[in-house]
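Here come two complexes built around subunit A, the first alongside subunit B, the second alongside subunit C.
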Partner chain A sequence: MTPSITALRKALARPAVWVSLIWLIGISVACAMASVLAPIDPLEQDLSNTFSGPSALHWLGSDELGRDIYSRLLHGGGGLLLTALIPVGVSLLLAVPGGLLAGYLSGRVDAAATFVVDILFALPGLVVVLAIAAVSDNNLVVMAVAFGVLTSGAIFRVVRTATAAARELPYVDAALVSRLSRLRILARHILPNVTGPLIVQAIVHYSGTFLFLTSLSFLGLGFSPETPSWGQMTLNAAQNLDQHPWLMVPVGFALTATVLALNLVGNALLEAVSGHRRPSQLPDPRRPVPDEPADAVVPPAPASVLTVDRLHVCYPGQDGSDRAVVRDVGFQLQRGEVFGLVGESGSGKTTTALSILGLVPPPGRVTSGRVLLHGEDLLRLNEAQLRKVRGSRIGLVAQEPMAALDPSFTVGSQLGEMICLHRRVRRREARQIALSLLTRVGLPDPAAVARRYPHQLSGGIAQRVAIALALSGEPDVLVADEPTAALDVTVQAEIIDLLLHLREESALTLLLVTHDLGVVADICDRVAVMSDGRLIEEGTTEAVLLSPAQEYTRTLVAATPRLPVDAGEERSWA
Partner chain B sequence: MRTPLLDVKDLGVEYRSGWRSSPTKAVDDVSLTVGHGEIVGLVGESGSGKSTVGRAILGLTAPARGTIHLGGQDITNRHAADRRDLSTGLQVVFQDPYASLNPACTIGRTLGEPLEVHGKLSAADARTRIEELLTRVGLPADAIDRYPSAFSGGQRQRIAIARAISSDPALVICDEPTSALDVITQARMLDLMSDLSRERGTAMLFIAHNLAVVAAIAQRVVVLYRGRIMETGTTQDVLCRPLHPYTQALIASSPVADPLRQRKRRAARKQADPVAGSEGRAGATPQGCPFAPRCPHATSTCRIQRPAVTLVDGRTVACHLFTADNPTPEGANA
Partner chain C sequence: MLRLCLRRLASVVPIMAIVATLTFLLIQLVPGDPASFLLGTGATPEQVADLQATLGLDRPALVQYGDWLGGLFRGDLGVSLVSTQTVAESLSSALPVTVSVAVLSTVFTVLVGVTLGTVAAVRGGVVDRAVMWTASIGMAIPSFWLAGMLVFAFAIRLPVLPATGYVDFAASPGEWLSHLVLPMIAVGLAGVGPVAFQTRAGVIDQLSRDYVRTLAANGLSRRRIVCRHVLRNASGPVVTVASLGFVFALGGVMVIEAIFNLPGVGTLMLSSIRQHDLPVVQGAVLAFSLIIVAVNLLTDVVAATLNPRIRFS
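Then we have the complex of A and B:
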């Protein structure tokens, strides 16, 4: 099954969506079979029985001429629902080839097509259609086609954007390199990327068109006054709203429910197309307190700054049962030590590090274990208490420095804010501290860096600033999650130098999460190897990397590509 | 000497960010060759233009200057889609194992694509061929009817390699094919690629940022920095006896997984002339050496004059420390 079908199934499983679908199908079928389901002639007047209200004869009551509302509702919907397909069809016919060509060819074709669409957007749709109604002798089909042309811009833009984005995909490049014809690439590789957003846009468009046509019939345009239509019924109801409000209920409900259902289905499809609904990344403040290990009384080693004890982290699996991603992990960090946590992707190393800070992304949760910082169990703190620990006692350096920085504030103001928060000092003082922090992370011109916005920083400087941010609360433990993975090697070497310098300068304890055994060899005193959620080996860096006890560690070390010994090394070895 | 399979001469690629802004030179005067069946590593940091060189060869980016010859035919200004008559096959493996396979196509369909162009194979023959390919890259033959979502990153990259070799191309451009993979997967992938290259005589241009990865697979190395070639030579020469100060800095900065050796390398790096911070890029002038602002050996000449490409012991270096009559200056290896 292709992933898009899976996503579609998920979207359709939501109650609001299937109720909407049932309504849409139901109303379409009912309108199509109106003569069977509503045998009373919608035009038959009964002046002795006007405004009757719901009764056995008139299920939804009768109107000012005694006509059956139920019958008028069913007979009046079909024309609208069908006619609304015309503008959508016209729009699709114009906009899909246009959007595909403009998006794929770009350049001048794109500029010209976009110009035309911009003009279409500038035209007032209703006014143009009213003018067309006047010259076309109130011909509904002509008006619907004109409306379709006028509103084709929205679909054009969606198709064009999706096409232009798909054109950049590596598999499209690969198909080009395989010398597939452009037409085939367009049909096979680009169109599937466009269909999702296109279907969504078409449904949204249909819902808008349906409402527009209802407005036209409300104004008495397009639909002949003899045939019933929902717009005309709304007009009648509006005229009698003071005395007979019931009249508005059936048609109002039918209209609102239909448009709402169309939009709900459109939105659900949009979510299915653009990926899953993103769950909140914030940890749940009401998270349950994890179980304590059975013999929790065992005290940590006295010199240990941070102790992780029998930690278990679970994620709910697809079948509802919990899937453990961290199992029985324990280690201790001594003061001033650099401790490496290595493993491949999915080994649970990052989850372990994040659970120390209470930041396991939901729906994951720590199910049992202890995280002791100077003897205090962080897992048993509430969110408010944890907030005081984060930043001021444990700092976090993330892999992507730009993610740690807010793009809309200068470095100086972000740093100043953090310092004010953690150290309770005045702004001017905070500014001084910020500058000294920037100097401390090795930036030669701190005042200039403080004035810059994150996008003006190179990767290396941004990571230095992120480290300064992590240090702003004067933590004595720093958790660094792949702090150099996004950087070039020459910049990585400088950041590692900086971390080592900070450790020497202020006895900072460092938990370094990394996949790179080279970085481990360069900086770590001790290292723990994780695989499949378990900590499989722990020891001094020399012991683990040079004489690994476990088969997995041996494979990992052997798989790490090695540099041949270079001349510079040979000389220093001699 | 046989003409090389791929011959890139003085390649220049420019990007324009706006109508009026002056173009940025992503690739500047790059010349390189790849011989038949040879694996050449193209190494550089981010922004070095290494991927752009690959895209220009593939016909996905138009070059501003220079020529590209493949198998003797000029392919310089021919877009990838206009190369149907080319006699020498060219294929590609990209970095991202997720984006490089169409999620809506079965593996069989994806792998069959390069075969379709030739159009000689019957559907049954093509299927047999694809199943053989899948087995060769270490995947079950029944993968043919499945979708990419059923496979892990490493398996997808094997599929991408199978697609690249399915039409028996003479040259495969590999753009960081292993950098999204875990080390164990990476090691297996590198083995597979060298084996395939040896078995089928497929040449590869292996683009990577990791020197050690290139050392594991390439016979020759080209080192790129900010769009220009710094140094070329055999892998052994360039990695064991780097001549260019940039190559030296690159090697010294790459940590090795042996703590004892790494400790000595760290001490040696500290002892060597401190290379100005990587951020001191402001001083680079378009007419000088791009590495001059960070180079411990830089002189005023380096900032105003572009170093000529010098041939030293069968390898090339673009550095003022090396001139035709002074191929081994004092202190160049410090």
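Then we have the complex of A and C:
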């Protein structure tokens, strides 16, 4: 089963979607069979029985001329529903080939097509259609075709974007190399990738067109005044509103329900094709307080700055039961030491680090344990209390330095905001502090860096800026999550040197999360090894790397070529 | 930034030239002889010849085209065939009405849509679903039906707002606003959905970014992270949707002008269509195109201001 069919099934399973589909099919069939389902002539006047309200004869009441509303509704929907297909068809005929060619050929064809679409977007749709009404003597088909041309730009853009994206796919590339004919590539390989977004856009387009046509009929344009139509019925109802408000109800319901049903189906399909939602990084203020371990009275070792004690972190699994990603993890950081937390990706090391700051992204949550900072349990603080810890007592340096900085603000502005938050200083003073922080992280021209936006920085400079940001609240513990993983080797060494230098300079305690044993060997005093959510080994760097107790650690060490595995060799890296 | 503005401004010129040409060609679309079509059946040959002379239809097409373009440069859009007013005069009294409502409803749309979309994205769960359902239903209600119901509710049953008419902003800003509140909601409600959906999607996307974690790890409050950083980064596509919403609102206002008895472009155009007053129709097409092109230009500039990556490319 292809992904699009799976997505379609998932979308159809939702009640809102199948109720919508039932309504759409029902109203279409009812309108098509209007003469059977509503035997009363929609034009038949009964002046003795005007504004009757719902009755056995007139199920939905009668209007100002005594005409049957139910019958008028059914007879008045078909024309709209059918005519709305014309602009959609015209748009598709123009925009699908146009979009495919523009996206596929790019270059001049693309530029020309985009220019034409820009013109279409500069034209006021309704006004142009009204102008066409003026010169075509109110010819509905001409107006509908014109509307289709005018609105084809939206479909063109969708097809063009999807085609350009599909062109980059490896198997389309392969087809191009194998010299299949262009038409064949377009039809066989690219069009299927475009279908999903195209269907969604076509439904949205149909819904908009339908609403547009009812507006025309409301204005008395396009549709003959003799035949009933929903827009014109609304106009009649609105004119009698102060005396007979009921008239607004049936037509309003029919209109709203039809457009709503179309939009719901479109939205459900859109969601189905657009995939998963990634977790929010925003701290959760309603984060549940985790259980305290049974003998929580046991105090941490006196010299310990940060103690993690029997930490459990769970994510809800597919079947609803909890899946533990961190199990029974505990370690202590002594003042001024560099403590390494190593393991493969997925071992739970980053989650452990984020738990310390209360930043495990939902739906993950810490289920039990303690995180003691100078004896105070951070897991039992509420969001407001925790905020006073974040940044000012524990800082965080993230893995991807570029992504870790807000792309919309200059370095100086971001640093300034944090400094003002933590140190309660004026803006000018904050600027001075920002510049000195940038100098401290080894940037020779801090004023120039402060003026730049994140996208103008190199990876190494961005990581220095991220470290400066983490230091803006003068924390005494720094959690660094893979601070060198995204950087070039030479830059890695510089960042390691910087972290060591900062440790010397301001007695920082450093928790270094990494998969790189080379980095551990360079910088860590002690190290703990994590595997599958558990802490399997802990000790001094020397002991763990040179004589690992666990088989897993041995494999890990052996997999790091930079390390001299032989226990007898001199520790050249120390 | 200045270069970007100039480049965009330069791209407007060919677009406007083409729109002006298309508008000129509108009269050529008329089946048969334009003058007799415009006058309707029962016109005497003298009247037809007269009108042909007035419209310049008796001269070569190229000369007509040159005259038309030349007139545009002088702000001369011709003279109405029905009233003695110039098209420019008619439009200058009708445009402020329509544009006022369109601007107000866009402001309404953006304020409500961004708030709803943000709340839905940040809160998630039931709040998210409730907000999105409300926005979906709002999108599905036809503006002309809503307009009728608003008049019924707030002007007839609960007379707190004037139902009809227009007061010039210069005459009385308060009256101007109170007359336009109902039209603003009638036109603006449909736009709330798209803005809310776009905001929600953008905020959800931004919330998953690493920089949010950096800001949170630095002790910044949720409110500040969302309002200052996340919304700023999510704003680009929202601005685009809002500008499309404005264009949509321009049309939406024209549809409901009759209900609120507003002397705007919609009213002007509908009577012109009925009376075959083509110069007025052409003038309206041009004026609206110019407004839309200006709004698109403004949108690009705002998008560049909000996004440093566009500004420095």
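Assume the second predicted complex is superposed on the first by the 480 of 574 C-alpha atoms of A that agree within 3 Å, B and C clash if a C-alpha of one lies under 4 Å from a C-alpha of the other, contacts with A are read in each partner's own complex, and residues count from 1 in each chain.
In the analysis below, a contact is a pair of C-beta atoms (placed from the backbone, for glycine too) under 8 Å apart; a residue touches a chain by one contact, two chains touch by 3 or more.
Fair warning: this is a prediction, and the values are worked out from it, not measured in the lab.
J.: Output check: A:260 vs subunit B and subunit C. Expected answer is one of first, second, both, neither. What do you get?
T.: second
J.: Can A:112 be said to touch subunit B (first), subunit C (second), both, or neither?
T.: After superposition on chain A, A:112 lies in contact with neither partner.
J.: Considering only touches as defined above, state whether A:248 meets subunit B (first), subunit C (second), both or neither.
T.: second
J.: Looking at A:490, would you say it contacts subunit B, subunit C, both, or neither? Reply first, second, both or neither.
T.: The first partner, subunit B, only.
J.: Between subunit B (first) and subunit C (second), which, if any, makes contact with A:25: first, second, both or neither?
T.: Neither partner.
J.: State whether A:472 touches subunit B only (first), subunit C only (second), both chains, or neither.
T.: Touch status of A:472: second partner only.
J.: Between subunit B and subunit C, whom does A:82 touch in the aligned arrangement: first, second, both, or neither?
T.: neither
J.: If you count the residues of subunit A that each partner touches, which comes out higher, subunit B or subunit C?
T.: C
J.: When the two structures are overlaid on chain A, which partner does A:303 contact: first (subunit B), second (subunit C), both, or neither?
T.: neither
J.: Both subunit B and subunit C contact which residues of subunit A?
T.: No residue sits in both footprints.
J.: Quick one: in the complex, what on subunit B touches subunit A?
T.: Its residues touching subunit A are 45-46, 58-60, 79-81, 83-84, 86, 90-92, 94-96, 99-105, 110, 113-114, 116-117, 147, 149, 160, 163, 167, 182-184, 186-188, 190, 209-213, 215-216, 235-236, 239-242, 248-262, 264-269, 271-272, 275, 277-279, 281, 333-334.
J.: What residues of subunit A sit close enough to touch subunit B in their complex?
T.: Contact set of subunit A toward subunit B: 1-4, 169-171, 173-182, 185, 188-189, 192, 344-345, 442, 444, 458-461, 488-494, 496, 515-522, 541-542, 545-546, 555-569, 571-573.
J.: For subunit C, which residues are in contact with subunit A within the complex?
T.: Residues 11, 14-16, 18-19, 22, 26-27, 29-31, 37, 122, 124, 136-137, 139-145, 147-149, 151-152, 156, 193, 197, 204-205, 207-222, 225-226, 228-229, 232-233, 247, 250-251, 254-255, 258-259, 265, 269-270, 272-273, 276, 278, 281-282, 284-285, 288-289, 291-293, 296, 306-309, 312.
J.: Which residues, counting only subunit A, touch subunit C once they are in their complex?
T.: Subunit A reaches subunit C through residues 115, 118-119, 121-128, 130-138, 211, 214-215, 218-219, 221, 231, 234-235, 237-238, 241-242, 245, 248, 251-252, 255-260, 263-264, 267, 277-283, 285, 354, 357, 359, 383, 387-392, 395-396, 398-400, 403-410, 417-418, 421-422, 453, 455-456, 466, 469-470, 472-473.
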